[in-house]
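Here chain A shows up in two complexes: once beside chain B, once beside chain C.
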Partner chain A sequence: MNTGFSPIWRDACQRSRNAIPQLAWLKELRDSAISVLAEHGLPDLTQEEWRYTSLTDYVQRGAAYLADKVTAADTATATLTVEETVGQPHLELLDGLLQEPGSGARVLPAGVEALSLRQLSPELRARATGLLASHKTPDDTRPLAALNMALLSDGLYLRSTATADTPPPPLHLRLASSGTAMAQPRLLIELAPGSQLSLIIEHQSAAGALANAVTQIRCGAGSRLDLLRIQDLPADALLTETTHVELDRDATLSATSLDFGGQLVRQDLSVALNGAGATANINGAFVVDGHRHIDNHTTIDHRAPDTGSREMFHGLATGHGRGVFNGRIVVQPGAVRTASALNSRNLLLATTAEIDTKPELEIFTDDVRCSHGATTGELDANALFYLRTRGLGPDEARQALITAFLHATLALITPEDLGVRVAARLQSRLEALDGAAI
Partner chain B sequence: MQQSAPLLTITDLRVTVAGKEILTGMNLVVRAGEVHAIMGPNGSGKSTLAHVLAGRDGYTITSGSVSFRDQDLLAMEPEERARAGLFLGFQYPVEVPGVSNVYLLRAALNARRKARGEAEIDAAQFLRLVREKAKLMQMNESFLNRGVNEGFSGGEKKRNEIFQMAVLDPVLGILDETDSGLDIDALKVVANGVNSQRGPDRAFVLITHYQRLLDYIRPDFVHVLAGGQIIRTGDRSLALELEAEGYDQTVAAAKSQTQTAAR
Partner chain C sequence: MDSKLQNPGLNELVNRRYQHGFVTDIESDTVPPGHSEQVIRFISQKKDEPAFLLEWRLKAYRHWLTMREPGWARLHYPPIDYQDISYFSAPRKTPGLKSIDEVDPKLLATYEKLGVPLHERARLAGVAVDAVFDSVSVTTTFRDKLAAAGVIFCSFSEAAREHPELIRQYLGTVVPYRDNYFAALNSAMFTDGSFVYIPKGVRCPMELSTYFRINQAKTGQFERTLIIAEEGSHVSYLEGCTAPQRDENQLHAAVVELVALKDATIKYSTVQNWYPGDEEGRGGIYNFVTKRGDCRGANSKISWTQVEAGSAITWKYPSCILRGDNSVGEFYSVAVTNNLQQADTGTKMIHIGRNTRSTIVSKGIAAGRSQSAYRGLVKVLPTAEGARNFTQCDSLLMGSRSAAHTYPYMEIRNPGAIVEHEATTSKIGDDQLFYCRQRGLSQEDAVNLIVNGFCKQVFRELPMEFAVEAQNLLNVSLEGAVG
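Up next is the complex of A and B:
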């Protein structure tokens, strides 16, 4: 079966295989990715993991770019001017290509090393290969990650050895798409044992852009990663994103994922808690209005004793928007004393909107504490009445409740001033909701 | 004493809920400066009265009228009633996570000012006001930035209602079972909050099941509500009588009197 993986895609993968001499060291990984694609094809609705999200438009738009023989490598001169949401980025990948920092570029936080995949020394190539091919990388099974590997023309390798006592300032990465090619951004991120990193990954694009991002992260023993991923893409942009995080012993991941825009956005986030004592806190919020479709699939895999995870997603749906949340928690044999809590809360403001939410627990060991819950409801009529008896008009009261609902996620963003900036962005987004807020 | 003009006039008010008549011809006049207590057994229509006055959905008014400051109260939206100076203290104050007390109060004050064509409240002036009232209600300032009633104890919620009332400065406060669930210390704080707001231009309607609250907030009038109408009106001694004899006897006596009078 190779649904959607038509000759146009196959030819593009073959072209890309040898196109960039500095990436020849990826040849084996690229060949294996092409085999994955040949075998599995691109995702379609017949697959359980994709039953709510159709990639028909996405595959068509991608094929159109490739038919014009446009590969990302050709577009190094493309530019994109976008409104800044959370400030000036330190580094930018434009259509997957790491941009030369311009004059006035922000200095990277101390202890952070950032290099293009095209510039890696043999030693770093070995490290990067380890990350790219590490156990359970998405490439083994996920066609979209394989597509990225087959077509990528650059990528960013980032390593943090910062061990400051005080939290490091956030490192801001922008993944931008010009709309002139199918972008295949790839991020490889390593945290040395005991190090800390605060990272913002922001997606931005021109109208109608198409991107397929893959990020692989390894958090060494005792390290701590604060990750904020945010996208407020134009209403006709398409984005698929695969992120895989591995945590060694006592490592901590604190991730916030915010989806405010796009036409169709699918994120697959998987977290493997490989070492004892590793913990992951995942928070997400999404807004689907107009005809927007946002699908978050997450997997947290407890593979060692005494690991912990907390996950909370807040979804807001109105207009003809559709939100999908699938949260999977796996507790492997031997992962005793795992503590895990998974929650999905959703607000449905219009009968024409839709939320599909599904928690999945797969527990293969005793002696665990796992809880999960999912709710989908309207605004609380009692709370609305209460606010109105204090003098707030119905619109103002609804706005206050909607903002409060999503603000639960934003309140957890560190540092605080970043949370404040994101909150301002969310506020303007909510004031312009496309769909009846009933 | 010369009588002031009525703030609130309820005339022959009949209200049904899901087809059942709960208020069956209620009459009440409340003038500025007065404190009225409405007492009654469970199911007599006390909370229905409070909700109808505040404008809650789900009640059908089949006849009668309510005028508030010479306006048709029943034709007004809940927020219009609030902006006109009516305040309802809830029996069960609602938790509104994520909407802070200060946000709510500033938005409420500004909504009222906007309705009157006034400018938004000055930030420093607002802060002084809420601090002063928080102190009056012996509320820790940390409560101001917490979500409205979020995780508050029963007593804290009631205290927060009176605090909101103090900040919003209404002309008519309707307090629905504000005393229920309060220990004696909290009751004193709440009563003190209400007493400090008493004045010639303001009136209160205290809806309560027990006369205990009236030891601390002395009413000018006590009404007994039973079967959806006021069957007896007296001064504070009526509350003491109810306490001593219970509702059953008082209601039965009032009914037989009414029947005798009818004959």
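Up next is the complex of A and C:
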């Protein structure tokens, strides 16, 4: 079976194999990725993991890019919405290529080094290869991660050894797509034992752009990663994203994922709690209006004793939007005294919109405390009535409840001022929703 | 925990044998293994079926040949060789029976061993029984009394001959032959099953019951049950199943269709106790079943209650299509797995009509090295104004090598719907056990008490005789499996 993996994709993968001499060290990984694609093809609706999300448009547009059929005219009106980050630590990958700073040296938090995959020393290549191969799943069986490996032309290797007592300033990573090629951004991130890193990953793109990002992160023993992922892409942009995080003993991940834009966005986030005492807190929110389709698939894999996780996703669907959430908690044999809670809360505001939610538990040991819950419904009539009695108009009252619903997600974001900035952005996004639609 | 299992008394209980694992030595007509259009024509001819039914079977068979076996369930088993199964087996002396006294005494002894209340016991219990042995319905009791009330309760083959208009009108309208791989196979190959028709306004005077038994080696059982409840009627139907102990795996692929018209109620209860295989996972029944009820009329109600204790593999999702306004769907389930059993079971509630309500209560208990999965879909279509669902699924793990999984699917397209899902996974609390022990209960009694409490919500939905049987079954399957 190799659905969708037509000759145009195969040829592109073969061409890219040897296209960049500085990436010749990836040859073996690329070959195995190509064989995964040949065997599994690209995902389609017949696969359980893809039952709610069709990649038909995505595969067609990708093929058009590969055939060079997208002309400049198609993207001439597109502009990137780059937020001002002058003076702040930031990095940018444009169509997957790490950009050199405009002038002077890169601004990075203390103790953080960042290199293009093309510039790695042999020693760092060995480390990067370890990281690329550390997680069997993406390149072995996930066709989209394999596609990224087969087609990538650069990537970022980031390593933090910062052990300061005070939290480091956040590093802003922009993954931008110009709309002139199918972007394949690849991020490799390592946190040394005991180190800290605060990271903002922001997707930006021109109208109609197509990106397929893969991020692999390893958090050393006792390290702490604060991760904010945010996308507010143009209404016709397509994005697929595969992220895998591994946590060693006592490491902590605190992640927030926000989806406000795009035409079709699919995120696969997997977290492996490999060391005893590791914890993961994951919050997410998405807004689907217009004809937007957002699909979040998450897996938290408890592989060691005394690990903990909490996950909460809030979704808002209106217009003809469709929101999908599939959260999976796995507790492996021997992962005793695991505590895990998974929640999916959804607001559905139109009969033309749809929410599909699936909170899964897979438990292989008996000494655990796991729970999950899911709710889908409209705004609480009693709460609306209460706000009306306090003098708010019907639209104001609805806005207030919707805002409160989604703002619960932002509580995890550190530092606080970043949370405030994101909240302001969310607010403007909600105000932009069609009044009739909500 | 494992050290506590060393307790010899507990071990004895855990390793208690399957009690229905005998084979009855009866001469039977069995077609050679393998599927083909000829086999289907043979079955149809043997049953003297009307032509439309044969046509339907053949359409189903041709469609089945184009399908692939589904792989989404969390089940692991070697590929099934569908050419190695015999699709028809019938006890030789069945045709032309005038009364129950003519039934082969060995067969009756079998049912006696199974505890099927065929004779006096039936009268005492007030239960009408249709017993299906391998592929053929052997006997149906209490027919006169039911006929007086206008109720038709007979084998499917008989219904196909005597009430073809009802079969033609309803067969395949709830589970079309294209529905899924196993339903298509059943539609092509089904050999018998039960048929129930409750006329308008009739409350069925007694509980109806069917016992299914696989006896022959290398046979599959493909029974088909169709229950039609006309406007304002009411019926309670019970189903039980057993099979002999064998080293091979046998296939059971049944289809059950329920149709409830306006104001009708159907209550369908199952105690499934097919042979589960031995401690090493050798043998056991592969149970792939499609059960679906259609609440066609307003205010209709379909209630599924199941206790799943047997089978090496269970793949079963009794569902309700809530089409009529104010219709109600219920699903109460206890699924118990031990040793190397695997169960992937749950339900589907499709809300189409206004103010439709559904309740799902699922209790999974996994012991030994078994795997128990709940998989349930709640779908609310835009037309289902005011739909309401409540789902609770709890898993109880016994022993550190068992596994419990929960896969709830919620597809919501109406904002007015309220859909709630709750789930927990836990083991029996040490504090609960300690409390019971210090009140003087033995370890086994304490576990029993707690497990029965865990399942109480489901057991109280079962008719009384079944509730007792279910409780006993649970004790046999599990008692002492946790320390």
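The criterion applied here is as follows: the second predicted complex is superposed on the first by the 407 of 438 C-alpha atoms of A that agree within 3 Å, B and C clash if a C-alpha of one lies under 4 Å from a C-alpha of the other, contacts with A are read in each partner's own complex, and residues count from 1 in each chain.
Just so it is clear, contacts are C-beta pairs under 8 Å (C-beta built on N, C-alpha and C of every residue); 3 or more make two chains touch, one makes a residue touch a chain.
These numbers come from a predicted model, not from an experiment.
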item: Fit or clash between chain C and chain B when superposed on chain A; value: fit
item: Chain B versus chain C as contact partner of A:387, first or second or both or neither; value: first
item: Partner chain in contact with A:376 - chain B first, chain C second, else both or neither; value: second
item: Which superposed partner A:405 touches (first chain B, second chain C, both, neither); value: first
item: Partner chain(s) touched by A:356 [first = chain B, second = chain C, both, neither]; value: second
item: First, second, both or neither for A:39, with chain B first and chain C second; value: neither
item: Touched partner set for A:365, first chain B, second chain C, both or neither; value: second
item: More chain A residues in contact - chain B or chain C; value: C
item: Touching partner for A:396 - first (chain B), second (chain C), both, neither; value: first
item: Three-chain overlay, closest Cα atoms of chain B and chain C, distance in Å; value: 15
item: Set of chain A residues, in rising order, touched by both chain B and chain C; value: none
item: Contact footprint of chain A on chain C as seen in their complex; value: 1, 72, 74, 382, 395, 397-427
item: List of chain A residues in touch with chain C within their complex; value: 48, 333, 336, 346, 348-378
item: Interface residues, chain B side, partner chain A - complex; value: 54-57, 77-79, 81-83, 87-88, 90, 93-99, 103-105, 107-109, 111-112, 147-148, 164, 168
item: Interface residues, chain A side, partner chain B - complex; value: 380-383, 385-394, 396-397, 400-401, 403-405, 407-408
